[in-house]
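I've put the structures underneath this note.
Here chain A shows up in two complexes: once beside chain B, once beside chain C.
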Partner chain A sequence: MVRFALRRLLVLVVALFTVSVVTFLVPYASGGDPVRTILRSRVAGQALDPSAVEALRHDLGLDQPLILQYLDWLGRALHGDFGLSFTSRTPVDQLLGSALGVSFTLTAVALGAAFVAALPLGTLAALRPGKRADTAVTFLTQSFVAVPEYWLAPILVLVFSQHLGWLPSAGWRTPQYLVLPALTLALRPLAYFTQVTRAAMVDVLKAPYITAARARGLSQPQTLLRHALRNGLLPVMTLFSLWFAGLLGGSVVVEVIFAVPGMGQLVYRAVVNHDIPIIQAGILSIVALAVLVTTVTDVLYALINPAVRLHDGSV
Partner chain B sequence: MALSSPALPRQHAGRLVQGLRFARGRHWTLRIGAVVFAAVLVTLLLTPWIAPYDPAAQDLNNRLASFSSAHWLGTDQLGRDLLSRLMYGGRFSVSIAAVTLLASAVIGTLIGAVSARRGGLLDEILMRTVDLLIAVPDVIVALLLIAVFGTGYGTLIAALTAVGWTPFARLMRGLTLEINAKGYIEAAETLGCSKSFIIFRHVVPNALRPMLAVGFLRFGHKLITVGGLSFLGLGVQPPDSDWGAMLLDAQPYMERMPMLVVLPGAAIFLTALSVTMIGQGADSARPRRRTGSSQKTAPPTTRGTTS
Partner chain C sequence: MHLRPRTSASTGKEPDPATGAHLSISDLRVEFADHAPAGGTPPVDGLDLTVRSGRIVALVGESGSGKSLTAHAVTGLLPAGAHITAGRITLDDEDLAGCSAGRMNHIRGNQVAMLFQQPKASLDPTATVRSQVVEPLWLRHGLSRRQARARAEELLHDVGIADPDRVADSYAHQLSGGMAQRVMIASALAGDPGLLIADEPTTALDVTVQAQILALLRRKQRERGLSVLLITHDLGIVASLADRVAVMYAGHIVEESTTQELFTDPQHPYTRALLRASLLRSEDGRLFAIEGSTAQSRGLDHGCRFRPRCPVAEELGISHACEDTEPTLHTCGADHSSRCWASPSPDRMVSA
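On to the complex of A and B.
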């Protein structure tokens, strides 16, 4: 087990190193000279003074070998120092911190709702596979998967904010502002959670201990809650954590539509404005979080279920 | 040989009955999905001949018009025929999704097969890469590439392929390992069959169905992602316009003409739904493989965050 965990840790370190190199190279790869980019953002529209360019290049250490620049950048990045945003001149780590908090709240609410709704739906479908309820749930989940957020969101806004006036259409102030974005975001994970719950429950319900529980005279809810769900929950939990990692930085469209000041919106604005420090810090932290969550999930799963580390050929 | 032959017809009959049962059970999704998707494809293929108007032709006196006999689905903010724009827009959406899907599938299949055949350190490295890449939101990868290379079809396709190959690689690796362990492969090798014969007679037919199922499932996901990037203004650029870009353009006119938002979104939804139904129909029709390690993470198809 320790070996398994150590191997995953090694993979994690290699992955983080790779990602850090890639993000470090963004300003160099994008063709432009970062010094000129910075100066241009300071003195918009004016011709650049060559001596100022060279002075800033020296100040920023950009005349040093690339490897030293990388180590310097990495050292500061590890302390959370990503420099100042080109556009707003605020420290990037402050922007990142508040955006991460917002995205965390949104993701937690959306996935929590999806999870709570998926368990009964998936169980209902699994109780009598192939029957009417199962068919309905299957069709429902397939439809949910196919709904583009940028289609659902405007329609929700049209109905609930503009026609009914129940909920705000965009912004981030009171809990009401959470409802529509969370609803939009929850739809697809709800579908996948339901499908996985169904598949897991179909398997679990065939197990001898379920028959035994029924034979002992346990009621249907008791059987389901005490025996079936507890064992069927594991795959859903794994999927939950993967989605959590994915949505923390990946809910760009929803955050942009509902003007939610989260990670997705931050990185999107940075890409549009060529705000390189934010792009670097944003992508680095989003990918690092995703990779971290995956690794932790993997190790936890192996801890709970020894079959994974013993039989999984990929270990 | 002669002794076993009378048993064969009965075996075939049994298989036929089994097949019919599938068709009556969950297989219906496959048939409905196939019909809808075929209709979409035929419409898009024939668009240059059957579209009622030039999608760029403006009629400023007839802006934001509702349904009429002249414009079946009304007109947009510049008086352009919505039906024609939907048809031409769909050609961009579906073809970009198809190209990225094909690239992802080819790369993923190759990597998966090589990983399974070579094994060892290479296998370990490739599969760990898959594990980690699967967790990275593809929109973020797309944003990174767009930040570096700017918008464009090349960037769009590269961005969606960069992480898109992972499910195919994971599935193909599993399938190759599974098929290689089968008795009939050993039998064929013992009989001296050539490698290419084994690959095309045994490996490809057995891997094809699950691969196709995943392919169709991913198609819907690609379609939505491409539309999402266009909706953000980072995908298909004007004067070209796909369904996502149409949704973006329609935002300011949403209240006056909800159809401008509803219809392009509905087009993406219907197309994505049809391929999802095909994929899941094909997926559920395949005999269930052993659980256990396949439960470790959800099936590769259940991952994907576009939001």
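On to the complex of A and C.
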């Protein structure tokens, strides 16, 4: 098991190195000259002084060969120093630290809630396929998939903030501020988790080891808890880690609507402003966190299902 | 089915103290609720069977004869959609067919245990062997954690596992099929049941392992005085293990006798065909087959269910009787009953 975890860690390091190269290069490939963008924002409308352009280019280190820029960037990134934002001149690691914390919290709460709700819903549907509970759950989850976030979010604000006054409509201060954005984000993953749980449980409940467990005298609830659920949640765990990676930097719409200072907003604005240090560090940290979550999931998966620990004779 | 000749199995009678009926099934019918077209025969229809205390009864027949459904009906673990629609299943003087779900949970594991065809697939891949062997123990006795752990290893040792502590901490994928079936036997016996239902317990195992598992079953049966209902299609296993044999065809029993008697003097044409198909080879070395398939016997609402495949009916010129009226399972010799118009009967002889 330890060897399995170590192997996964090695894969993680290789993945991060590859990603660092790609994220470093991507902003350069996207076109546009960051130096001119920055200067234009300062002198609004006037012609640019060519010597000022070159001076700033030198200051930002953008006149160096790309490979040197990369090595320099990587060396400092390894110490957590991602340089200064081109536009606001604040250290990138500070901007990133707070945004990453916000996004991680929001994603973890939304997906955690979706996971916890999906297991009983999917199991309920799987117990009697095609019967009333199954139809109801399927209908519910399919409508969740169809609801767009930019429609749901204002509705939730209207109901829970405007009419009922229970929850704040926007911002990020106390845990109450988390509820509406997390709810908005959770709905679609909840639908997918439920469907995958249902499909997995339908298969698991037909497995000989379920009948064998009943034959040993376990009641149906005991069998579900002790044997069916553990096997049924394995595919949902995989889906969980995929969604985690996606939502970390991909919840721009929800972040904008609820004024959540997360990664989606930060990176989106950086792209618009050609703020290369933020883009590079942002993407790298999103990917790093995503790969880390995937690795943790893989290790958990192997802990639950020992048959996964391939090439590893010892338990 | 009034005026049925008394079968030697004496279904539904009070258990005789000496050789009392441990399990007695009478006129059992199992049907699938969802797809029951009018006129379709239920997969188990009018089945009578008795397992006396401490005896091994083999239930034999080809695939689709309803053997496994019968076994699952006894344990109350019929697949989704299948239901018992008629008949009685009496275990230790209690009718199981009308039992509550809670009562059945108590009976399973404690009074009746089961072995399955695929031992490895019958173990939860995410749980250790120990946790699964222990389950009937904590359900029944409320043993402490440590006591249950120790008892599990004892049980594993008793089924011939040399290193029970290592096996107890293993998972299904680390075991061979034979080892997994030993584990299943240990967990089946953990709740100290009186009746063991073994549904093709060695079919998925290779031949040498088969012999070991059968020997183990025989030893456990003797040690504990278990009653065993052995479901199999392998007459070799029947010959080596069973005290009595019931031959099942198209949902009911067509012949029932002691193993010795059945092998030396089979009465029903289906039994004879089955024996010939599994034990003999023709002169050119080819295996004998039974003409036709069980599908031909589905949907027959009158007459003998084996009639479409029967070589005897035509030969003896009794096909009229066979087509009109279903023969009853009647006594055709000492401790021997058959469901065929051509079998000898004390109260009627067939003119042939």
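Rule of thumb we're sticking to: the second predicted complex is superposed on the first by the 222 of 315 C-alpha atoms of A that agree within 3 Å, B and C clash if a C-alpha of one lies under 4 Å from a C-alpha of the other, contacts with A are read in each partner's own complex, and residues count from 1 in each chain.
Everything that follows uses one rule, which is that a residue touches a chain if its C-beta (ideal position, glycine included) is under 8 Å from a C-beta of that chain, and two chains touch if they have at least 3 such contacts.
In this text the structure is predicted, and so the values were computed from the model without any measurement.
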## Note on the structure
In this superposition, the partner of chain A with more touched residues, chain B or chain C, is B
### Message
Applying the document's definition of touch, where does A:H227 land relative to chain B and chain C: first, second, both, or neither?
### Response
second
### Message
One more residue to check, A:T211. First (chain B), second (chain C), both or neither?
### Response
second
### Message
Looking at A:V252 after the superposition, I want to know if it touches chain B, chain C, both of them or none. Which is it: first, second, both, neither?
### Response
first
### Message
Going by the contact rule set out at the top, does A:P148 touch chain B (first), chain C (second), both, or neither?
### Response
first
### Message
I'd like to check the shared interface: which positions of chain A are touched by both chain B and chain C across the two complexes?
### Response
305, 307
### Message
Applying the document's contact rule, which stretches of chain C touch chain A when the two form their complex?
### Response
75, 77, 101-102, 105-106, 108-110, 113-114, 116, 118, 121-127, 132, 135-136, 139-140, 169-174, 184, 187-188, 190-191
### Query
For chain A, which residues count as touching chain B in their complex?
11, 15, 22-23, 26, 29-30, 130, 135, 138-139, 142-143, 145-152, 154-155, 157-158, 162, 184-185, 188, 192, 195-196, 200, 203, 234-235, 238-239, 242-243, 245-247, 249-254, 256, 264, 267-268, 270-272, 274, 276, 279, 283, 286-287, 290-291, 293-294, 298, 301, 305, 307-308, 311-314
### Task
Over in the complex, which chain A residues touch chain C? Could you list them?
207-209, 211-220, 226-227, 230-231, 304-307, 315
#### Entry: List of chain B residues in touch with chain A within their complex
25-26, 29, 123-124, 127-128, 131-132, 134-140, 143-144, 146-149, 177, 220, 224, 227-228, 231-234, 244, 247-248, 251, 254-255, 258, 261-262, 264-266, 268-270, 272-273, 276-277, 280, 291-293, 295-298, 302-307
